[in-house]
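My questions will all concern the structure given below.
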Amino acid sequence: MSVINVGVIGASGYTGLELVKILINHPKFTLAYVANSEGETTIDKLHPSLQGVCNLEVQKADIEACASSCELVFLALPHKTAMAYVKPLIAKGVKVVDLSADYRLPQDIYEEFYTPHTDPQNLEHVVYGLPEMYREELKSAKLVANPGCFPTSALLGLLPFMDKRVENTPIIIDAKTGVSGAGKKLSDVTHFVNVNDNLFAYNPLMHRHAPEIAQKLGVDFDEVNFVPHLIPLTRGMISSIYIQVSQDFDASSVLKEFYKDEPFVRISENPVDMKNVAGTNFCDLYVKQKGNILFISSAIDNLMRGASSQAVVNANIMMGLCQKDGIPNIAYVP
Amino acid sequence: MSVINVGVIGASGYTGLELVKILINHPKFTLAYVANSEGETTIDKLHPSLQGVCNLEVQKADIEACASSCELVFLALPHKTAMAYVKPLIAKGVKVVDLSADYRLPQDIYEEFYTPHTDPQNLEHVVYGLPEMYREELKSAKLVANPGCFPTSALLGLLPFMDKRVENTPIIIDAKTGVSGAGKKLSDVTHFVNVNDNLFAYNPLMHRHAPEIAQKLGVDFDEVNFVPHLIPLTRGMISSIYIQVSQDFDASSVLKEFYKDEPFVRISENPVDMKNVAGTNFCDLYVKQKGNILFISSAIDNLMRGASSQAVVNANIMMGLCQKDGIPNIAYVP
Amino acid sequence: MSVINVGVIGASGYTGLELVKILINHPKFTLAYVANSEGETTIDKLHPSLQGVCNLEVQKADIEACASSCELVFLALPHKTAMAYVKPLIAKGVKVVDLSADYRLPQDIYEEFYTPHTDPQNLEHVVYGLPEMYREELKSAKLVANPGCFPTSALLGLLPFMDKRVENTPIIIDAKTGVSGAGKKLSDVTHFVNVNDNLFAYNPLMHRHAPEIAQKLGVDFDEVNFVPHLIPLTRGMISSIYIQVSQDFDASSVLKEFYKDEPFVRISENPVDMKNVAGTNFCDLYVKQKGNILFISSAIDNLMRGASSQAVVNANIMMGLCQKDGIPNIAYVP
Amino acid sequence: MSVINVGVIGASGYTGLELVKILINHPKFTLAYVANSEGETTIDKLHPSLQGVCNLEVQKADIEACASSCELVFLALPHKTAMAYVKPLIAKGVKVVDLSADYRLPQDIYEEFYTPHTDPQNLEHVVYGLPEMYREELKSAKLVANPGCFPTSALLGLLPFMDKRVENTPIIIDAKTGVSGAGKKLSDVTHFVNVNDNLFAYNPLMHRHAPEIAQKLGVDFDEVNFVPHLIPLTRGMISSIYIQVSQDFDASSVLKEFYKDEPFVRISENPVDMKNVAGTNFCDLYVKQKGNILFISSAIDNLMRGASSQAVVNANIMMGLCQKDGIPNIAYVP
């Protein structure tokens, strides 16, 4: 198979860096275009850890330049910004994996939680990029909405058990995330002194990842009770999920059966942790039942499975490659 | 009022140190007896941070010596060990605040989760040392079972809402705690490399603080679903609590009314955090309602309100002092 | 002795908070005036950890109001800003402890490293607030320049050995500091993700605390080689100092003799650490000799001994109080 | 070129894990033998992060089995233990890269700092595995002593400047290291509560890496003044080095020239940090001169360049491969 040229728009942030780190070692993709909002630099000047590894030019983002050099482009742009790039790129026949929230929700829900949508046309055919849910649809997708990090960890934990759940009972998702999820921008919430030795919930019950979870589960927003907490560590995310089930069953076997053909989901006999998935596309799952309560613990790397490596898996599927091509599986342990 | 001599048995651990730190600055108590299992040292040799502050002799624990020098003694000993000290001390007329789990549960439940109980007689009159629940009983108590850290944070969050809760619905307590709760002993769980940049649940749904919580709430053990998580920080604990309620009400007002006369409970308009309570006896509470779900966030310092400062508050009440005497209220912030 | 009214201007930052925390429990000082640049708030709104502890009004800083209510004022203001307050306050007869760098250096050196000085007159009588060096002068001081955190830790380590040092040999000060030293302002250097699991030197050999150290040691700036490093922790500072000495001597005894009457300096037989001094005014010192090299390790809490608690010690001395009055000595351990 | 079978003895520890992580993705080496002291397990049971990645059998270490399946073996064993494996392996014609200290020093110095040496014969031909110093000798080496982590970072910083240094002046190496360097074994020094928010020197001036550094620099042990400090992070090491030089020169150009052909050394215009090298074999260097003092900052990942990845580079050279084959160069950033 010949090489496939791909691009990254939004190379300055954490997810942009992760995309670049994956793509420069990808066996089938060639990183042919890298851009951010300013341009006029190189990737190793933006990210000094790449000194001696990669000095690709970083250009000022331009639709024409991108479309003429890439078959597929990853957009690592802020919510509300991405759609202005998606529309013309799709129009020019470039496939797009969008890491923002712009195409994850139906228009009405999106507009309730974000902003008026300027590209409703592409919303009609977008595929939600959770391979375990939509692998078939991804194969022919032209536009993929890469899932949010919280929805990825929550959905992978919940999907195997939705048919065991007692209807209309609350789904509780108590999530814990590292600070990299807040991005590079400076704020009180990312100041070291406010995070170190600390822990707090934020946007409890009102976070905008909740409607994304509800929507994909096919339940009402009112049934999803989602509270994220900020934890003093850099990368990683665990969702602790509680649902009510009506009967006794072997929950661990349900998990294993559900994911038996999935290369990126691992079932653990012990409570999962963050370090075993850090730097990889794995989602580690653990389940424990007590009476009519099921506790599910779901761990991912928020920047990888929650963003960039999942995006590359989606691209692999879209381009007919093996889904594991170029996907890191060696964790940042110890 | 004349000075009251008190003692600490178990001065080597974290809660023993916290007791000493409080008692050496207490306006009414004199720390007349300090002991551990070896003796033959001084408190500043055991805890170098006390060099230049306090060089009290640390003796090998001895019931006679303790009883002859103290009116009240704090036991900061391991579970299962403390009862062997309580029985003779009470027999000699010394009042005891026991920081272990040995007197927190009815005999049958204790024996199910711990070990056979060797002092059932004193179980009959012990008072559970959560002042907001049992202040009246504490005034005349001879033996106080100081609550566990998790039960303290969970109960203070739950008590105001138990009459609003829909009966027989699950109580979810997703707790997060710093590493000091695991004590000084060495284990894989306290190795820096395993904790730093990491997070995991432990004993999910099966932790032995769950029956303590259920017992004090007056609900069945099956209704309490408690999962603690270890967080990469030293001190502090947050319980994220989820219950189902039947009606709409002003949850924040309920909290404020319930605790309006309590000096050690603070109601916050924003999600609570650990640093604001670190080093103090405060419990900070926050509540948020969405439909029929109530989310309560309850923050304490696990070594203080979850152990040593609460023990001194209990002693203050037992000895007829002002409950705030000598209790630290200035947080370790920043 | 009657109560002494004092004030704090600059209550919003970390050192302002530490001053307030100390002063509200001080036995002789009454905190009669608290101000920042905006006013119209209370101290517990600025610093939520003080909820339920202190709700003093925070005013918009005003020289008249301050002078009419205080005998002495602490200035916790940025460098270059403080001198505009010092001049009129001194003119009105208010004593001042200035925590900024504005009065620490001779005019020419200050202007080389900072900005033109607008109050050279008060530079003539200012006393450098390191009690171990200038206790006598502090007794009658009207204006005290509170030392920088790095100079405090370096000077206390070096002073006992300056007469043993081989002249004209380099003094190496390799300092490590927590992030609170960078203040509350947001910057890449205080972003959690950049600090966590990381470590780096900054301003190597060129930091402006170097001339302050050289000046007080009475050596040339060229002889002081000072490199600070940022460490992933909140508070605390260790200076690792290396000097050349000509002869063998009992270095530990020299330390003990030099500081034998000093209540805030402790000599340790083991390498010092940060936690034993966190939250206190102690400086812990350790020394080790190998041949003609002397290694001195000096630990302080950068916000306390390196700023606010040292400022209150200075105020105690200026007002004729016992220097230990109200000074915290119980460390944030564990 | 056909595949080369290699083995790892000592797969349980951190450096053993890093070796396995590198070797399972190595393009030319096949990991044909993995052993620890117990055997009877698989590598993913020992290291759960490898679940779904590699389930190689872990055998009980056995010289015969190892020799019959491998051309080259990596020993990740404790100091004093490794030599009992080296001797028979070399005798059987297996090449060895020993990560312990057992062959790094001349016999007399080794025995002074460690224990009597039981294999002096192999000491005669061992090559010290710092490729930048001994690449030629490594090409024909049968036994390589992989350098210590501190010596690696110190030597790479010092070597370019040894001919500029004023003779007989002290070399100061103030090193800072993460906790993984202390290994998996439990001790007070690795307890999270003792390390978090803390910092301290250990074995100041007396650490046994100092003679290794002195020996390779060709200077007297008395000239090397080495103080390591433990830092609250998992992996990474920075050596802050201070030497005296006689003249002015462009220190940065000296560095660049010295390492101009070296793929694993990077010269930085800004002070180096740990995150840019974490997970890689890079050594990042920064230099700054002030008068006659040269400050050199040298950053490595202690488990990679300080142990396992450097070991694989050495093996690459010994087996005639490209030295970069299979060596990770993508840092654990952010």
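Order of writing sets the labels: A, B, C and D. Residues in every chain begin at 1.
Rule of thumb we're sticking to: a contact is a pair of C-beta atoms (placed from the backbone, for glycine too) under 8 Å apart; a residue touches a chain by one contact, two chains touch by 3 or more.
Remember, it's a predicted structure, so these values are computed and weren't measured experimentally.
Novice: Comparing the two chain pairs, does B-C have more C-beta contacts than C-D, or is it the other way round?
Specialist: C-D
Novice: Farthest from chain A by Cα centre, which chain is it? Let me know.
Specialist: The chain farthest from chain A, judged by C-alpha centres, is C.
Novice: Quick one: chain B and chain C, Cα centre-to-centre, how many Å?
Specialist: Chain centroid spacing, chain B to chain C, equals 36 Å.
Novice: Taking each chain's centre as the mean position of its Cα atoms, how many Å separate chain A from chain C?
Specialist: 46
Novice: Averaging only over C-alpha atoms, locate the centres of chain C and chain D and give their separation in whole Å.
Specialist: Result: the chain centres lie 40 Å from each other.
Novice: Mind pulling the residue numbers of chain C that touch at least two other chains?
Specialist: Counting only residues that touch two or more other chains, chain C contributes 14, 180, 193, 196-197, 232-235, 275, 334.
Novice: Give every residue of chain D touching chain A within the complex, in rising order.
Specialist: 14, 17, 21, 25, 47-49, 51-53, 180, 196-197, 234-235, 263, 266, 268, 270, 275-277, 279, 282, 303, 329-334
Novice: Name, in rising order, each residue of chain D that touches chain B in their complex.
Specialist: Chain D reaches chain B through residues 14, 179-180, 184, 186-188, 190-193, 195-197, 232-234.
Novice: Using the touch definition from the top, list the residues of chain B that touch chain A in their complex.
Specialist: 170, 172, 174, 176, 178, 193-194, 196-202, 204-206, 222, 225, 227, 229, 231-236, 238, 240, 242, 244, 271-275, 278, 286, 288, 290-293, 295, 297, 334
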